[in-house]
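Across the two complexes that follow, subunit A remains constant while its partner is subunit B and subsequently subunit C.
Moving on, here comes the complex of A and B:
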């Protein structure tokens, strides 16, 4: 018999037909009877006191049904870091002070969007503008305007990581290199903007349809700041039009629609405009990075020191996690015998910076991999060789931080090296750059302070063999629904079409912390596997009477066939046993449970994915224009569950990460984003995508379901670095600021030529 | 504002509606006819998520007044399947995983339909050009290009429906 019937077979996304026929109903498509439409009034000031808000004129406009301001709230400062009170610093409707352009100050519900928009103009807000500060290195200076009373010098969070004797190791180094880098911001650009439909009813119950990555977080956060019981708030999120880290915090659409609905007892829908999405939702954390590395002549890594100042924006958001993870992944995926990291997250009067796919790691890996190529050049060592000498290996312990079990990075280097060799001599102005990376496979962060398991799952088997699988994980397009159905089908021994998956509803789905930190495959996957295994055991108990095995575990189920493992032809149909089992239990359904919480797995993650990426780029020496030709990735995500899904994640990550590398940016003037639209903010289009190729390097991760690890988020880490290195090898100039624009390339080339002439 | 009569055929069904003349085509399709398969990602004509066919030509339905479609034939994603049988492009999209979150998919399918109607044998470059305006944040486009190419190469026949 085959090892697996379902795992590693190309399975259509179980939501696919709904999506290609236009039937998938997103929050954006929800319309309820008597529904009102809401709009949000936002601060035009980067920093100002709110002296007074008058809503009388707005309220009396015909068609307007409700207006809310901060005075209608409980004034709770919220955040996901509930364990740390000082990090809960954001009121979603500001009461006394606004701290960034776009901060919500009031909201209106009216009979239609036009009327609500009209009413916004009638709300009179009296502001007293305050001096503002926009850059982290300015904001941290003594005497800079203070953004939060409690945060001296605007320092929001600091993080320190250290192991080994760094100073001693630097003394022993043959070669030391230091560089400064600037990593830019990035917008998530989900195609479905943040939106919510909230419906409060006289029973005192609130139902919120919303586009989110974690219905559980939203349920609990809403209940908290609205002063409700958690399970009187129901959050429903069946289809989510993209997330990428932008949709697991409470947002203004969710909060304002809820407040408005509670005021009028009617459903209220709020959809953020694309402009609001750019100006007033969270974004990737910009970082100012100092790196100093010490190595031996032969290329062995000895010591690394990193210092980071991040532009925090006005509130903590998930920025504290990004600050920690960028420090942790700065040393990844290498063995640095000594390492010291100091990170400072600094409040600024800009839109808060937070989680975005990669969560601080793409910044770290861009800087690290750029510097490693410069070191390789100085020492005259091949970039692949230098990396090979220093990469992590199975069984390596990151001191005090993490334990690496499966790790296929060496095989990844081999594959990429082979590919580079196959390219032969490149035409002029072309270069190939590489970057090695790794990522967590499920963040072990319980900042939310929940007593629930990290993930849980429930299974019920019906009389016809159909399996109801209840999961708390959130599919935002990454395909977790399909992954879970596949894991369930494989473990239980049925087919994917036998699974009916239920998700995205706090009323009947078990708790899962949500789709962030690359959690779902490993954490939700383990919970599903455990539940399926329990359900299978219950069926085998009934089959034992028929098949007379020595012990019950001498039997298994594969492809709906319950059989003796040693004699697979001796068996009985899954459907027959399900009927017998249910009959034997007085007609009770077969119900099974599963859960997963990491057990002594360090501070970061139970497992890590690894990979090496090569980018081949061409640079026009006259214009500085970069075009991507090839992007090849050797990838260790453990056991592949769904090859269609993994490939999709890989190509999608390349597009997003290449955008971060050379086309996407959020320039600001005095805290105002200058390109809040899809024309001036340039995500990659078809013609800019390189050819993509992937080599799967198979490893088995003991902690993952069927040996699987994350396969989506970590892939965002290498591309900017590999792209930068490709530009370096094509032109001889290394650009240390993202995005790598034609202007920067031209300026650097000019500088280089000037030096040459001298 | 006085309402006007709109006569419009959508997915071969004729409708007469009284609408405000400033209503956009996308609003009429979604809000009046309940055809929510057509999405809106920007409302400024920049993302092409709202692409539909107007008398066979692909248009951004957020940039067309509904009254401009008076008397016209409109096709939306809901019209691609025929009595439950998926179109070649829809089947190819499934096989190639040419969608993830699915929010841009309707627009992508309509642009691809228009492209293949005009040019049944497009090169890869033609396909890239044909869907150049359609933004997708999930897939990186290559799976979509492969899916369209496979249909163009005749791997998915209309008769196999």
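Moving on, here comes the complex of A and C:
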């Protein structure tokens, strides 16, 4: 008898048909009666005082209905880190000072977009430019321009992680290696740019349709910054066209449209242009990384020391979390007997850096895995064997940080090794590189200071057996709606088509912290499973009364059939029992609830996915151009819920992570991003994608629903490192700065040839 | 050392002011921790904390 009816079967997205037929209404599609259109005026300076803003001319332009500036706000500095007020440092609409090019200073609502745009030119802003600093190692120097008055030397946040006796361990090492790396920034490039339609009514209620990863966070942050009661703010987000970490903080579209709507009591729509999206929304955190590792000559890891300076940009955002996680995942997925990490996030006059898929781990893994291959080379040890000797195992405790319950990394190494051997001898200028990784399945931290359970779910079973499932999770294209429907169907013993999912509305969905940190499958999934289990229990009470089985028999529901587990032929239809149960409950539908909050699960996460990725790349020695040929990933996400979903996540992750590895960059000149468009910003095209393959390594995670773990962010972690190692094995040069461009490869090859000649 | 880690970890004004009042500079200690090998920044603060602890009279 098969283990599961629904889990681990391929299920297409339950909202897929609505999306491909155009019926899915994204925020961009929303149009309300009497709706106005908004535009935002942004600072042309990286650092300047705002001396005066005059909006008289803009307000007088026919067709303009409202203009707001920072003086129309309560002056509240907000941020996601609500428990730590000193990290809540962003006003969104600047009042006294601007700190990056693109920072909002005013906003206009008009009858159409063109009028709003015209009005922007009529707003007169008097600035006093201030000295600016753009790079973290410059910003930290004595005498550098001070970006926030409270932050001495522009140090925003520091983090320290340590275990073991690091200095003693280095003294015992046979071989010590130190390297310096530079990790670049990256743009999220969501298909749907940041947008919002805000509608404020004279009754004092605000409704905001928006593209978001967490309608709960946006509800709370908007209420806070606008001085409103939380539940007088309603946030609706039925469809979100991509997030990748860019959309769970309050943004300028949401705030400015709300402010404008409150002024005129009419709906206001703001959609950021692609240029604004690049210049004035948050991005991946660039890092300057120092790594020192000490090992024995047999390859046993002894000690590692990491020091990181991150370019914070103008505000804290989620950068503090990225700072911690990069230090935590620097030691992953290996057993380091001693480890020390010091991280510093430094304010700079650039667009703020924040969360992006991987959350600091892609940078950490790129540096760590690059160094490991260099160590393997110097010691004459096979790179897979070196990793195998030192990887984590089930039951391992990362001292003071995490407990690893399930870990399939050894099986992942086996699968990848098998694939590499099957490739045989490679053509010239081609190499295969590998990288191992691990990632969290949701964070245990409550820096948002929510009093609610981290995830909740409510189920209602109706007379026809249809199940209304209410969740707070946000599907941003990763497929969480389908995952939740599958978990509910499996636990309740019905089919996916019996589930009607409700999400994306703070007015009638329970709280969930949102789609970030790869948390939805484990956390929302556990809440859904608990609710479904409770609903099932209620049905089984009535079924037991109906069937009168011997007390020793257990009952279950599978595929709409309620039965004795030991005698499955003895049973009754789910639909019949639903009718009986509702009659028995005085005509009330079956209602059940579930929730999940991690307790005593270490410092980071209740569970971790693991994996190994191999990238085969070819390098043109004359141009330095890199072509991806193959990408194979052995991935341990515990029990796979939806194999189609995992494949989709993997392919998307490869595109994003490979882009980070060798094509995407955000070069700046004096704080101005130079390529804010999709022509000059090079994301991977479909023609550049390699052949991909995923090998699922099945383990069982006790913390996860049906043993499942994440299969989202972890998959972005290894590609840059694996790609860098592929280039190293193809050419003999190791590039320690991202992205690995043809220019860097050529320069390194020239240097190598020069040394050879000497 | 654990207390030194805690003080640097919180990094709030009260802790910074205390460290600065003892003749050290909080930020400089942080930078030494990063720029120089070993655990110098933290060790310096840990040594200070030990000395300060000796001055406190604990009730019997």
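Methods note: the second predicted complex is superposed on the first by the 753 of 758 C-alpha atoms of A that agree within 3 Å, B and C clash if a C-alpha of one lies under 4 Å from a C-alpha of the other, contacts with A are read in each partner's own complex, and residues count from 1 in each chain.
One rule holds for everything that comes next: a residue touches a chain if its C-beta (ideal position, glycine included) is under 8 Å from a C-beta of that chain, and two chains touch if they have at least 3 such contacts.
Remember, it's a predicted structure, so these values are computed and weren't measured experimentally.
With subunit A as the common reference for superposition, the partners subunit B and subunit C occupy compatible, non-clashing space. Of the two partner chains placed by superposition, only subunit B is touched by A:652; subunit C is not. In the superposed model, A:191 makes contact with subunit B only, not with subunit C.
In the superposition on chain A, A:689 contacts subunit B only, with no contact to subunit C.
Put simply, more of the residues of subunit A are touched by B, taking subunit B and subunit C as the two choices. In the superposition on chain A, contact is made by A:17 with subunit B only, not with subunit C. By the touch criterion defined above, A:307 lies against subunit C but remains apart from subunit B after alignment on the C-alpha atoms of chain A. After overlaying the two complexes on the shared chain, residue contacts for A:140 are found with subunit C alone; subunit B is out of touch.
In the superposition on chain A, contact of A:25 is made with subunit B only, not with subunit C. Seen from the CA centre of subunit A, subunit B and subunit C lie at an angle of 160° in the overlaid model, rounded to the nearest 10.
Once chain A of one complex is fitted onto chain A of the other, the partner contacts of A:749 are absent, as it touches neither subunit B nor subunit C. Of all Cα pairs linking subunit B with subunit C in the superposition, the shortest spans 37 Å.
Common to the subunit B-facing and subunit C-facing surfaces of subunit A is no residue whatsoever.
Residues 12-13, 15-26, 28-29, 31, 188-193, 239-244, 273-274, 476-479, 644-645, 647-648, 650-656, 677-679, 683-687, 689, 691-692 of subunit A touch subunit B in their complex.
Contacts from subunit C toward subunit A in the complex involve residues 5, 8-9, 11-13, 16, 26-27, 30-31, 33-34, 38-39, 42.
Across the interface of their complex, subunit A is touched by residues 30-31, 35-44, 46-47, 49, 76-78, 80-81, 86, 90, 93-97, 99-106, 109, 127-129, 131-145 of subunit B. Listing the residues of subunit A that touch subunit C in their complex gives 86, 140, 152-153, 155, 157-160, 162, 166-167, 307, 309, 340, 342, 344.
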